[in-house]
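Both complexes below contain chain A, partnered by chain B and then by chain C.
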Partner chain A sequence: MPGNQDSASRSPLSQQTPSRGRRKQKSNPRGQSTPQLQGQTPQQNQNIKNASPGEGDTPKTKAQLRAERRALQEAQRAAKAATKQSPSTPVSTKKTPRKFGLQMQDTADKHDKVSISGGETPRNVTSISTIQRRTGFFAHLPRYQHNVSLTKDANPKIHPAILKLGLQYVEGVICGSNARCLALLGTLKQVIETYSTPKQKELSRDLSTNLKKNMDFLAQSRPLSVGMINAFKHLKSCINGIPREKAEDEAKQDLYGCIDSYKQSILLAGKAIAKNLIENDKITDGDTIMVYAFSSLIKNVLCEAHDKGKTFSVIVVDGRPKLEGREMLRRLVKHGIKCSYILISAASYVMREVTKVLLGAHALLANGYVMSRVGSSQVALIARSYNVPVLVCCETYKFTEKVQTDSFVSNELGDPNSLVQIGKKENYLSNWKEQKSLHLMNFIYDVTPSDLISMVITELGMVPCTSVPVVLRIKQV
Partner chain B sequence: MNETDTLEYFETILKNDPEKSEAVAAIETLFHYIKLDDAETLHGFMENIQKASKWLEESDLSGAVTSISSGCQLFLRFITLAKDPENMESDIQKCKGILVKRGHDFLDKVKTLRKKISKLANPFITDGSTILVHSHSRVVLQVLKQAMQDKKRFTVYVTESNPDKSGHKMVNKLTDVGIPAILVLDSAMGYIMEKIDFVMVGAEGVMESGGIVNKIGTFTMAVCAKYLNKPVYVLAESFKFARLFPLSQEDVPNKFKYKASKLNDKVDLTKEHPNVDYTPPSLLTLLFTDLGILTPSAVSDELIKLYL
Partner chain C sequence: MWLRNGQMETIDIQIKDPIVRNKVDGLIEDLKHGNILGSYQLAKNTVEVLLHMISKEELANVKKLISVIREQGQRLMSAQPSETVVGNMVYRVLKIIRDECRAIDETAEEQSQESIQKSSTAPGDDVSNKDILSLKKLLLAEGDVDISDKSISSLKAPIIDAVNELLVELDTSQENISAQALEHIHSNEVIMTAGQSHTVEAFFKKAAKKRTFKVIVVECAPFYQGQKMATNLASAGINTTLITDSAVFAMMARVNKVIIGTHTVMANGGLKAINGCHAIALAAKYHSVPLVVCAPMYKLSPKYLCSCDQVAFNKFASPEDVMSFSEGEILSKAQIYNPIFDYVPPELVTLYIFNIGGNAPSYVYRLLSELYDTEDQEL
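Entry: the complex of A and B
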């Protein structure tokens, strides 16, 4: 599964977090902070197994869950007040930066906050309550909750593999729509492997409710991508198609086949897109191609074109805070492609030289709008104003019936702290949480209007982006 | 049938019936070729047909390479699309019989297309309207004639349409049937634009983007029309739909832009005049086809249905 490795090896977050921790440790005597921490979260070091199937409580009603959440918020507020009072406040003691699943917590004390990757820190408590201060315009967007417990409310039916996957999503170890979807399919397969139908129940019904619960859990860790939702829909329709008299083993084999073929279709779609692009001469000799941030599909397309002997150069445009373009650059240069690297603020300066813009996509909406990594729509806008064609590469499994005309209706929020963290320099906004009138919004996606996009290349061929509904209709038949 | 025979047959069709579009003539030639072909296997048969359609595309006999190529492709697609499992397996003669029958159906259908289009476009030509047309187009001519027969009064401006001055031919044909037609210079497009109500052009090929490839100057005309907010109507039969998606003028294949003889002679193409240009969908208002009146974005929908 190449896509999976792709993203596993690039996780800017993973390098930032521990180093930040270390830096702070130098300035703060550790001894002061540790007891305080322990006081806050007494039940930290229990094992993941406690939360996994077999143990404990029955599923809760919505009202109960809501009550619990409120209680949690209050506890956080109290914790924040406490940290403000004490003199030795800003501390972070992450000794074990990223060991998943080892230090997870039980659901015993509902009011206690639980951390995913080890040490509970006052910083995190503050950050969450600050985000909750957010009002008005963006209140509907799911807030970023990095260190809120995933396992706290976890239903005992959640499979350990799903727990692990959820944590990987949260930490950004697996990111990128394709990688996330492939990882999901692999994990669902594991879940089905260990599943056995309870007595007096039907496989097709019980399994899909079981999987649904697991998916809900994943949605808590990070909002599901369109590709994941589509993949799960496909799997569900496979499950529903199983006749009730079929033996469990056979049914499982069918489902494995279903999952594997879906996986295969995603990988093959990428290859077909590269072929479509190259055979139709959309990448020609002498082209200067602009790409934005990282997309495994675009990387493959460019490498493939290079292998076919096309001579072109690439301008990698990058944007903060994730700076994923650096990974793109590294891989393209490693492959021997001539590259330059700029930040998005310089995009209009180089656009004169560019002959084509290639963009990846998170999803294609039914009105032809493209949802993609934040910044893409800016690149497309500049390209349009310089009359440079914008080509979007997207597998059809990412097409959706959803319609959205701007980026605010639904979007995902990332860690606001990463916006103020610039390099190793001391940053001027380190106390942004204390500024009552300041809100930091780290949007993950944006939506590009269809008139900025010249064409969409799918595995079915090249289509204008207004043809999304037709492709959806054909795929349904 | 070898290359010269095929091309001769093609030429005689065009000569006998100048009203026939090149694509239809090409399809008829292919049909004739299928009937005479003596291939032993289905595979060889398909190869022969592909070869024949290539001859037609590369011939210098007509300017409309785009429509010939899309017409031949669609014809082949149509006759081979649905496999008839009972008959297909048995033997090549029976199989060919089916193909010939389907080809016959296709040709019959093709002949009625222009009538359908003129019926659709007729209400858009209102009494007292002034129309700008570009170059010589048989579909446009038929639509205008039909409107004349319906006793509508309208004036037509026709561009001269260099380099082949096909606008002259158009004006003559229009005045013959009593439609007031005025010839204008190509460079007077912008000047005349404010006087007219809408632009009506044919198309050599309708691209997957919903844009069209047509006689050089169409793009200029569409840009002028856009600036003055005049609607641009395109009349095209559905066999002109092609699976191509040009991003710019540069991106249109050379075989459409230049004559085959020029390409074979390896002349310096930068000094050659292209015969066609590409008009992007954002400049077009509506396309009148036998499938109905389509917006440019609906074209790709139809193409996806056809080819997927």
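Entry: the complex of A and C
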């Protein structure tokens, strides 16, 4: 496996692993004694040693053995040279990842163009990616892929709207859990519109498989957010609930209704959360509210509070490398709210003046932990140490039954190269790839423990962090 | 010296020697313009200037010497108040001078005592006599020996020797700290550090010769010294990972130790460190990760954090680093902060590694009394 070769063993053996299968087959029939290359396991050596006397003929002389060995090495070297000349033609889906992985290792970073075949590659094969040095704790997560041509080799069954959406996700045009979910629902509606049941197939089954393929493609472009997964589950249950006899048009109308109502529930939930906060005086006059990075929900809440006449000031905390806080700052300032802006390293300096912290969430886990943009846990920790209440605003559609205790097991990796740019100054890390001992780590989410959070505000009311499984049960009923 | 508002600065400049005066003025200029980078260089320059002052100035007695140094020291410290190292070195030199005075007095007293008791006591009792003398001084608090009339001639040589020793101590502090590296780093450890500290860099490089470990460096925006540190460590062959400031809490769960440098060690055992260190210290406390601070003794300051607003404590850099002026429109409507320092309270620090050895933060007050004299609390 490519992973095992990470110790950069450049022995001849590693370069010839793909053909090991073929070589083994050669050594099994009795007539041949395959020569031993350096680094083969003693067991294999034994097998080969046992193979040659088993011939029954007179044992070959050392010179003959040596000559045979040399001939085989030449043949394998020639085969390797031949395969090296055609690096980018995928022979078969299963074998190519390994071959690519190893070849890429020899020529690190030179072959950047990579293609993902949407829908055809099985889910468990991590797509071929440019070599990035594995940073120990995240070696199990799919690495960030750049310069990826999503649409090349794409499965023609993928709807063009889905292709467009996938590209928008990858490029970061659509960013943020609510935005991604709403965009997904809109696109799925388009897919259903153009869908027509093939003859002799049931609408619910066929549509499900079709949508599943599309979702797989999106998952490969960028890992699905919890909200998107929940929305899709809801849609699937709607599809499964369609009776067999129903006409296609009617069924489609039902599905549109289902999607629209889900969308509405998301938007209304946002409004309900704002109402909860304002009416219960969670935002009072004279407050200094700290927010972190960009959350569309928090932005709406603050704008509505401002419209209702509350006077407060906001401190926007920002974190590298995404610097989404600038967008938040821009929108709040445009709305007329008094704002300050700091980087997260200065959070402990300003925390003394803060009266409450409002955080958005990507997902709420069943053990009460909050998964949010990386850095939120740090803001929550600093707030806790200064006894500032931390309020998390989250719609219930983002609640999940997953549980997690740390930020490593399940996360999303970002582009390490985005750490290199530091504005006007000369970049210290421009040659980071040449330094073998240097790794850059950029991950997107982190998990905030429930004891750092005072309260979660949902459209169902204000609950403590640990009430997530209760809410999930209520929603199922 | 001309001041900015056009007035002439009228202080009693007691320095007569023009070379020494130039040196002092040169150092003040450097301090004001920030030409000297790094605490070590600052400390060294300050001590060298003071050494010149002591050796070249023609002064009648020790009292005058002390007052000259106090005055010039005050000028140096007010040139750049945030650089505490300058003040530390002035206090150190003053303590050296006072100590030498006391030493000469004590030997004089001892000789007189000895001549009195020579007949009656056995040699073994001499020790107890000395103890009685110093105890007597402590209990009766007779105050400092009257040094006004001490002539400087006999003291100059020992004072200059002692100040040279101080210079040697400055030079060797980094080595002495690195020599303790193997006692604090075990194999396959994951160590977190922040920003760039030459002391910590030397510490890691020394340990890396015999141990393998991983280092996670926090980049410390908006100055990004962490990035420089990461490249330096990686070129030394240490397995280094660079993370952003926002990832500190998330990463801390897998860190075994946090080793940072600091700008100053405050008198209560707290730190004046680079921006972001308080967050790191809090995360370390939350995850029960020991926080180790490598600091040479010249960074130990007798000052306390007087106000929680950090008014006299913190310094601010241009907000350009946080949000560049090209953002224009929103910039004019928002307040942008860019503090340079961070205060870390002593309860979050586990261990200090000084050049004289390791200590808990609660012991810092004792070290202070060994380095600085109580007479010099305020210059």
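By definition in this document, the second predicted complex is superposed on the first by the 340 of 477 C-alpha atoms of A that agree within 3 Å, B and C clash if a C-alpha of one lies under 4 Å from a C-alpha of the other, contacts with A are read in each partner's own complex, and residues count from 1 in each chain.
Simple rule for what comes next: contacts are C-beta pairs under 8 Å (C-beta built on N, C-alpha and C of every residue); 3 or more make two chains touch, one makes a residue touch a chain.
Nothing here was measured: the structure is a model prediction, and the numbers come from that model.
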{"item": "Fit or clash between chain C and chain B when superposed on chain A", "value": "fit"}
{"item": "Chain B versus chain C as contact partner of A:340, first or second or both or neither", "value": "second"}
{"item": "Touching partner for A:424 - first (chain B), second (chain C), both, neither", "value": "second"}
{"item": "First, second, both or neither for A:395, with chain B first and chain C second", "value": "neither"}
{"item": "A:454 touches, of chain B and chain C: first, second, both or neither?", "value": "first"}
{"item": "Touched partner set for A:287, first chain B, second chain C, both or neither", "value": "neither"}
{"item": "Touching partner for A:408 - first (chain B), second (chain C), both, neither", "value": "second"}
{"item": "Comparing the two partners chain B and chain C, which touches a greater set of residues in chain A", "value": "C"}
{"item": "Minimum C-alpha spacing, chains overlaid - chain B and chain C, in Å", "value": "16"}
{"item": "Set of chain A residues, in rising order, touched by both chain B and chain C", "value": "none"}
{"item": "Chain A-touching residues of chain B, taken from the complex the two chains share", "value": "208-210, 243, 245, 247-248, 251, 281-282, 297, 300-301, 304-305, 307-308"}
{"item": "Of chain C, residues touching chain A in the complex", "value": "214, 216, 219-222, 224, 227-228, 230-231, 233-235, 237-251, 253-254, 275-276, 278-279, 282-283, 286, 308-310, 314, 321-324, 327, 330, 333-339, 342"}
{"item": "In the complex with chain C, residue positions of chain A that touch it", "value": "135-137, 316, 319-321, 326, 329-330, 333, 339-350, 352, 373-375, 377-378, 381-382, 385, 406-408, 419, 422-425, 428-429, 432, 435-443, 446-447"}
{"item": "Residue ranges of chain A in contact with chain B within the complex", "value": "280-282, 356, 389, 391, 451, 454-455, 460-464, 466-467, 470-471, 474"}
